[in-house]
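For clarity, chains are labelled A, B, C and D in written order, and residue numbers in each chain start from 1.
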Amino acid sequence: MTEASHYTASETLAILASRQLKDGQVVFAGVGTPLLAATLAQQLRCPGLTILFEGGVVGAFVEAGKLPPSTNDQRCTKRANMVLGSADVLLLLQRGYVDIGFMGGAQIDQFGNLNSSFIGDPAAPKTRLPGTGGGNDISSLTNMIVAMKHEKRRFVENVDFITSPGFIRGGDSRRDSGLPAGGMFRVITELAVFGFDERSRRMKVLALNPGVSREEVQDNTGFRLDFDENLTVTEPPTSHELQILRQLDPDRLFTA
Amino acid sequence: MLEAQLEPYTQLRADLAARDRSLREKVMSLEEAAGFVQDGMKVGIGGSTMSRTPMAMIWEIIRQRRQDLSCSRCIVSTDGDLLFGSGAANHIITSWFAQGILWGLSKVMRHHVETQGKRYEEWSHMGVGMRYRAGGMGVPFLPMRAMLGSDVMRQRPEAKPIDCPFTGEKLLLVPALNPDVALIHVQRCDAYGNAQIDGLQFMDIDLALAANRVILTTERIVSNDQIRRRPDHTKIPFFCVDAVVEVPYGAAPHECFGIYEPMMKHMDAYVKQVNADPVKGMQQYLEKYFYEPKSWNEYLALIGMNELLEASQLGRSIYND
Amino acid sequence: MLEAQLEPYTQLRADLAARDRSLREKVMSLEEAAGFVQDGMKVGIGGSTMSRTPMAMIWEIIRQRRQDLSCSRCIVSTDGDLLFGSGAANHIITSWFAQGILWGLSKVMRHHVETQGKRYEEWSHMGVGMRYRAGGMGVPFLPMRAMLGSDVMRQRPEAKPIDCPFTGEKLLLVPALNPDVALIHVQRCDAYGNAQIDGLQFMDIDLALAANRVILTTERIVSNDQIRRRPDHTKIPFFCVDAVVEVPYGAAPHECFGIYEPMMKHMDAYVKQVNADPVKGMQQYLEKYFYEPKSWNEYLALIGMNELLEASQLGRSIYND
Amino acid sequence: MTEASHYTASETLAILASRQLKDGQVVFAGVGTPLLAATLAQQLRCPGLTILFEGGVVGAFVEAGKLPPSTNDQRCTKRANMVLGSADVLLLLQRGYVDIGFMGGAQIDQFGNLNSSFIGDPAAPKTRLPGTGGGNDISSLTNMIVAMKHEKRRFVENVDFITSPGFIRGGDSRRDSGLPAGGMFRVITELAVFGFDERSRRMKVLALNPGVSREEVQDNTGFRLDFDENLTVTEPPTSHELQILRQLDPDRLFTA
């Protein structure tokens, strides 16, 4: 049974993220919440949404209960429209065929830059993280949606290391760095939905999740947040959204 | 540093001219093929993450106690752990290095990079791809539009940002990567090395063209006649290939498209053991699975019949519908 | 001149963003699809010489009396004659332009270039290929090592020789070519435009990625289900494609790999007629075969049943052994 | 029956050209005499010779009596080892996988430059020729053998237009132009076999065909010829060579 009144933070994340997608878009999705959210959007509102995977998959077909655990294995290719080389699928981004890159994030800053390479000084790191994978390419070349957990240590003023560029140092610095296309579009957490100011390119709250206060968001964020002048409160997950989501991930691998 | 990385074109050409590129049989054993890999070489590894990893060849290289290898791969998984952990490699070029997305950080990678001075040289995924592609095309660089503005680029003085002479736009030129030897595992090839690859190709075609030597391991060797019936299915031409080794389950415990999926019980146990103790755990793993078995088949027997059969059933299932 | 050729990246991206790239059916008639081709456009033509020429689409464009097209193709054959002779094109970019190796010089090409002021812009074969490839990769140029030192390069100020910033070697940068529309003929695709190509691919994949619109003609439309059973056989993804037209024998009188070889009696008669009188001979040919038939099938009927059946028998024979 | 005492100029050309190839080489061959000669070499002495075609064919298999009329049609692909894109087969040359490029020629000069683009002033040509095709790429990137008819108007001091570069202006001018690899290796005609001086890079006669005098070669050449100090006379076609050649081209399409 669908219990629309009880849902997890991960479920909220997936559902709110799925609402950001539009029918007809071509979406480069990472595994986990991004893929779950994209598939949810496809089933709910966007039958013409196309999902790409980094391993080289175009127009993936994701079956309920069988979400692939990585984007480089054969399960990702099943009943896809096309598979091609890993560099070639990234070149589709560079050419401009992709509307949205959709990833998770470990650490983000006020300008939407993501770090997945180093904690601490890169020259003598406290922790060597796995690195960019396709993240740098995707975030350099298209509009990004990031779905991630909201913790103060993950939302920092400036990341230790810009692995995947958002708006770099804000203003026109992204464009001036040689990235005239794309940029951070939305950040979705279990607390709020964030956009970026048109001029300063700093993160700002567009909508609070149901039951979340401004203070709660600010308290969990490592830098001063702006709030959009038209700040809204997000519609809670509907029972229909939850029902489809739970069909997609019946074992709660990604929504526990 | 750059000088060390980019061979002059005339040298690349001379290396290739000296290779025997004739249509000839080159089937040999793992042991013989491993002779193409010498200490200190640049080794390009095919496949990605847990897919079509040339594990049997890596296994043999580690058994032969190779050292100081500089390895490159688009996405590195437990192959990287084993190369660092065994002492075979001290340098790995890739865009992502963990055991697999299911298990989080690799404690083995962290140990060797954070405390042992081994180098994990990070490029963007496309950056690695464009480096192989430039190498395969016989040009010293390719232009790309990612990495710009990031610290990934700032850590890579080997790449050169330029203003485009046509448009004035900023671009990044990434240098060619021509490994001394490439290790690639395929579903099938003939005795000459004409290879067919099913499913995801990753960067293997560019890698094969870029490398100065290619060792092909294959699930099966088919006749040249079979290759010639569908020449548009050949993905790597024979004259790129220097050794052909038939090794069924040659990517185990990783997957080979259409034949077997990863052997997840083994992988889970491996990750648990090495992440619990990146030194001793790894040493014990290598002893048991790499150094002690007398043959690749003995290694497979240690992984176990149940795992192999289950992985094979899942692997074949991609064609069931 | 360069400014006119190379669109800024932001413009290329904006053009693509405005395209409907969703998974949707786009099957239409030749007449409708030809609407994507407007006077003055840059038109990229798939196939090569007498192979997989998108002849039905060219036929329709000429019937619709398009003008001032700038056409590009790796190797141009009678398609170029017809485009110049009909007045549809005044500019052709290629590396080789004759009717086919059997017949020597094209008198039609000579007439239009030597006396009518039409332009045959010559690049090396690889030069054309690298221009499409740059276009498909979303970069403004690619480096290459041919054309240097030749008069072919000297006639092409659009290309820029440079000293390599890595090695100091001389290289030639060739600018991206992004046609407004590409015409490509394939053996089969689905209603969305996912295309499979058997045999020689020529430059069609790069061309499809580079163009701002793609019209696909196809020998047959298969189900999306069939495409999805072998996604590693898809050569052009649906989102590159704007129109799908099913046209059996759509490359006639040229060949389509595995289906029919060229219709040589027709070709011989054509060459004899147009080379005897590049103006009147061409005009009469166009009247009879292009303007008068009411449909593509009527055009095929004029080529004749014997020719079609013989060409089909030869075409299929590639799979007989 | 093989009539070893009677053979055509085209047959001489094909046989002498075939003798220039070595077993194990990778040869990029044009149709006509080059393909015929390469196939002859394969059958006589070089079973490990690999033939590439410009259309995208690797390791072609040529059947006696069925020589393909062009390098871009399906007949070229039959029982080949691989087919690939046209740009990609040329990139194999650029990478260095190919030992020999083997073409015909319409007009050649003292430095081995070939013209297949223009007769007369390129700005207002008397004749617009078909153009380079892959010729420029092949001759820029590998060692060339050219088999062609020997006529004075075809052997000129300087070609009107360098379509496919030989040694450009001689000396180091090829290397200095950015072409450090390859160059003209041999020119074969029905009169003689030519090489190029190591320093001046001018064409010189290495061997006269049987029954041909120095004067005859010079009289049919539009520039002053040097003769190698070890000038030899070529062995005439053997009956075995002629026999195999005639099996390959029984209808004399290329050897009339």
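One rule holds in what follows: a contact is a pair of C-beta atoms (placed from the backbone, for glycine too) under 8 Å apart; a residue touches a chain by one contact, two chains touch by 3 or more.
Please read all numbers here as calculations on a predicted model, not as lab measurements.
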{"item": "Between subunit B and subunit C, the fewest steps along chains that touch one another", "value": "1"}
{"item": "Of A-B and A-C, pair with higher C-beta contact tally", "value": "A-B"}
{"item": "Between subunit C and subunit A, distance of the C-alpha-averaged centres to the nearest whole Å", "value": "40"}
{"item": "Separation of subunit C from subunit D, taking each centre as the mean of its C-alpha atoms, in whole Å", "value": "29"}
{"item": "Inter-chain centre distance, subunit A versus subunit D - centres from mean C-alpha coordinates, in Å", "value": "58"}
{"item": "Shared-contact residues (touching 2 or more other chains) in subunit D", "value": "57, 77, 79, 83-84, 91, 94, 180"}
{"item": "Multi-chain contact residues (two or more partners), subunit B", "value": "9, 138-139, 144-145, 169, 171, 199-201, 229, 232, 321"}
{"item": "Overall pattern in which the protein chains touch one another (line/ring/star/complete/other)", "value": "other"}
{"item": "All touching chain pairs, where touch follows the definition stated at the start", "value": "A-B, A-C, B-C, B-D, C-D"}
{"item": "Partner subunit C, residues of subunit D touching it in the complex", "value": "31-32, 54-57, 69-70, 72-79, 83-87, 90-91, 94, 117, 122, 125-137, 140-141, 161-165, 168, 173-174, 177-180"}
{"item": "Subunit A to subunit C touching residues, read off their complex", "value": "23-26, 47-50, 57-59, 61, 77, 79-84, 91-92, 94-97, 99, 180-181"}
{"item": "Subunit D-touching residues of subunit B, taken from the complex the two chains share", "value": "9-10, 12-13, 16-17, 20-24, 136-139, 192, 194, 209, 224, 227-229, 231-232, 234, 237-240"}
{"item": "Of all residues in subunit C, those that touch subunit D in their complex", "value": "48-51, 74-75, 94-98, 100-102, 105-106, 109-110, 113-114, 120, 122, 124-127, 129-130, 132-133, 144-152, 155, 161, 169-172, 199-203, 205-206, 255, 257-258, 261-262, 315, 318, 321"}
{"item": "In the complex with subunit C, residue positions of subunit B that touch it", "value": "2, 6, 8-9, 138-145, 160, 162, 164-167, 169, 171, 173, 175, 198-201, 229, 232, 321"}
